[in-house]
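The data blocks that follow each hold one structure.
Here chain A shows up in two complexes: once beside chain B, once beside chain C.
== the complex of A and B ==
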């Protein structure tokens, strides 16, 4: 049996989404910027997708910009906002647990003269609103706080941070790549929000950025002036349509699907009671994620052993061919013990997993943890 | 990562991950990797009569330890001392460059054999 439990890395496109995308690829292939009827048909699909996504986030359609994915959305949001409003510098607040798509932008900005505060998470994997408030300075111009952490699945206190940001007049961006499609999102809590299609059962290579219409954001790449000048490049109509169809499906089935996901997660957690000396990394997590470590078992060894039984999970700490060892910056920031960092695996369940698959996984997990501990 | 069938067999079904009566032992730890390996040797008249290992670490350190044990078992200590990373890689059928962790069991066995002069 092959079981895919790495939905945080990417998801299988829903078959209905794939069919719809195929239809657009083959029937509505016109360039959405063309004036002829082929173009107009494509444009209509594209704008309908924008509307669907805006409704999902409870924002206005003109506030949605299509991009190539999470990384581009994060870059446009942070760099584009600073370029348009604070080109001379300022203070930015982010977290130590961001995805590299934000962290590397922050590091680059530091080199360019901006001051950056990286908030440290608690041992349970979330940054606190109190720490956020304490980090605010007179020259704080932007905050970028992820909605859900990609490794642990820990939901960050965006609602409280949003209140504080509004109180102090700080523009708030959130990388919501791991939140969209998993938990209900109120886009209005933040000023900018990034998402990526392939994390919610839509194709790879498409994403979107929500930007509050009151905000001024400058482009960071130049071209034909698509997406109202913010993101040039021929419109990815099949991608945008795929995202809209996927989100619509998730929205319509959310209650049932999220309950089922919760049940699958519970089944995994209950199976752990047969094992000893393990640690669940992170508290208050989304239903899809479980990040856990087994004492005396290296995460990469366990993930590889599971893979050899047909089960795909991921690990954050691994040796690399470049004579370096990469350890999870997220788990390190949480100050977890070494064995928890070295032993961590991330299981991320999806809407397309079955109970039989989870049953098989729990049996193999138990078997392999016991086997590896004997070595 | 794509591993060979031989690698999979070494990693999934190690025969030498067991307790034995030993005369020599040594441990090597790569703390940065989270890797730890201990080699146990039973040596009689300069011959490895039995060999075993205990390891916590990545798949490669487990497979390399098992590969080393298979190469060393029943051999003269001079031969064991002559083993190098290339021998281990051949036995593992693992040729990706880098991955220092493969050297850990080799270092451990050589450390265990340092007091034996042949």
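== the complex of A and C ==
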């Protein structure tokens, strides 16, 4: 049996989405910027997708910009906002647990003279509104706080941070790549929001950025002026359509699907009780994620052992060499014990996993943990 | 996931000479603080030869497989022969390792050599 439990890395495109995307590829292939009927047809699909996504986020369609994915959305949001409004510098607040698509941008900005505060999470994996408030300075111009952490699945207190940001007039961006499609999102809580299609059962290579219409954001790449000048490049109509169809399906089935996901997660957690000395990394998590460590078992060894049985999970800490070792920056920031960091595996279930698959996984997991502990 | 040879996976699945030797003549524990890997090697020496060797390890699949292969190679060798073992030989015997995992074979050989040093230290 092959079981895919790495939905936080990427998802399988829903078959219905794939069919719809295929139809657009082959039938509505026109360039959405062309004036003829082929172009017009594509344009209509594209704009309808924008509307669906806007409705999903409870924002206006003209506030949605299509991009190539999460990384590009994060880059446009942060760099584009600063370029348009604070090109001379300023203070930015972000977190130590961001995805590299935000962290690396922040580091680059530091080199360019901006000041950056990286909020430290609690041992449970979330940043606190109190710490956020304390970090605010007179010259704080932007905050970028992820909605859900990709490694732990911990939901960040965006609602409270949103209130504080509004009170102090700080523009708030959120990398919601791991949140869209998993939990209900109110886009109005933030000023900018990034999302990526392949994390919610749509194709890879497409994503979107929500930008509050009151905000001024400058492009960071130049070309034909697509997406109202913010993101040039021929419209990815199949991608946009795929994202809209996937989100619509998730929205329509959300109650049933999220309950099922909860049930699968519960089943995994219950199976752990027959094992000892393990730790769940992070609290208040989305129902797809379980990040956990077994004492005496290296995460990479466990992931390899599971892979041997056809089960795909991911590991954040891998020993790649004596000197350059990659350990999860997220788990390290949470100040977890060494064995929790070295032992961590991330299980991320999806709407397409069956109970049989989870049953098989729990059996293999228990068997391999016991075996590896003897080595 | 890293691509391992069938032999590496076999040693990972069924490690040879796994466990402790209670009346070992020498033992050594080595680790890489950076990557979190640990290994303990137990030696039983008779007439200048490695009569028995066992290991325990905490690490990735490559760590376990290289330790297992190392024990298989040196069992029965004389102490002098065992001292000459190089990490390259372990890698070759396993049919190769991803380059970023070469250091695991290093740890296996280092731990063996530390155990031999401990044995020789005792005898002096």
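Observations on the structure shown:
FYI, the second predicted complex is superposed on the first by the 372 of 375 C-alpha atoms of A that agree within 3 Å, B and C clash if a C-alpha of one lies under 4 Å from a C-alpha of the other, contacts with A are read in each partner's own complex, and residues count from 1 in each chain.
By our rule, contacts are C-beta pairs under 8 Å (C-beta built on N, C-alpha and C of every residue); 3 or more make two chains touch, one makes a residue touch a chain.
These numbers come from a predicted model, not from an experiment.
Looking at the shared chain after the overlay, A:374 reaches both chain B and chain C.
In the superposed model, A:1 lies in contact with neither chain B nor chain C. In the overlay built on the shared chain, the residue A:338 is in contact with chain B and with chain C.
Shared-chain residue A:305: touches chain B and chain C both. Applying the stated contact rule after C-alpha superposition, one finds that A:296 touches each of chain B and chain C. Touched by chain B in one complex and by chain C in the other are residues 296-298, 300-301, 304-305, 308, 317-323, 325, 327, 338, 341-342, 374-375 of chain A. Considering their complex, residues 296-298, 300-301, 303-305, 307-308, 312, 317-323, 325, 327, 338, 341-342, 374-375 of chain A touch chain C. Against chain B, in their complex, chain A makes its touches with residues 296-298, 300-301, 304-305, 308, 317-323, 325, 327, 338-339, 341-343, 372, 374-375.
Listed in rising order, the residues of chain C touching chain A in the complex are 1-2, 4, 9, 12-13, 15, 18, 32, 34-37, 56-61, 63-64, 100-101, 103-104, 106. Per the touch definition, chain B reaches chain A in the complex via residues 1, 3, 8, 11-12, 14, 17, 31-35, 53-60, 62, 96-101.
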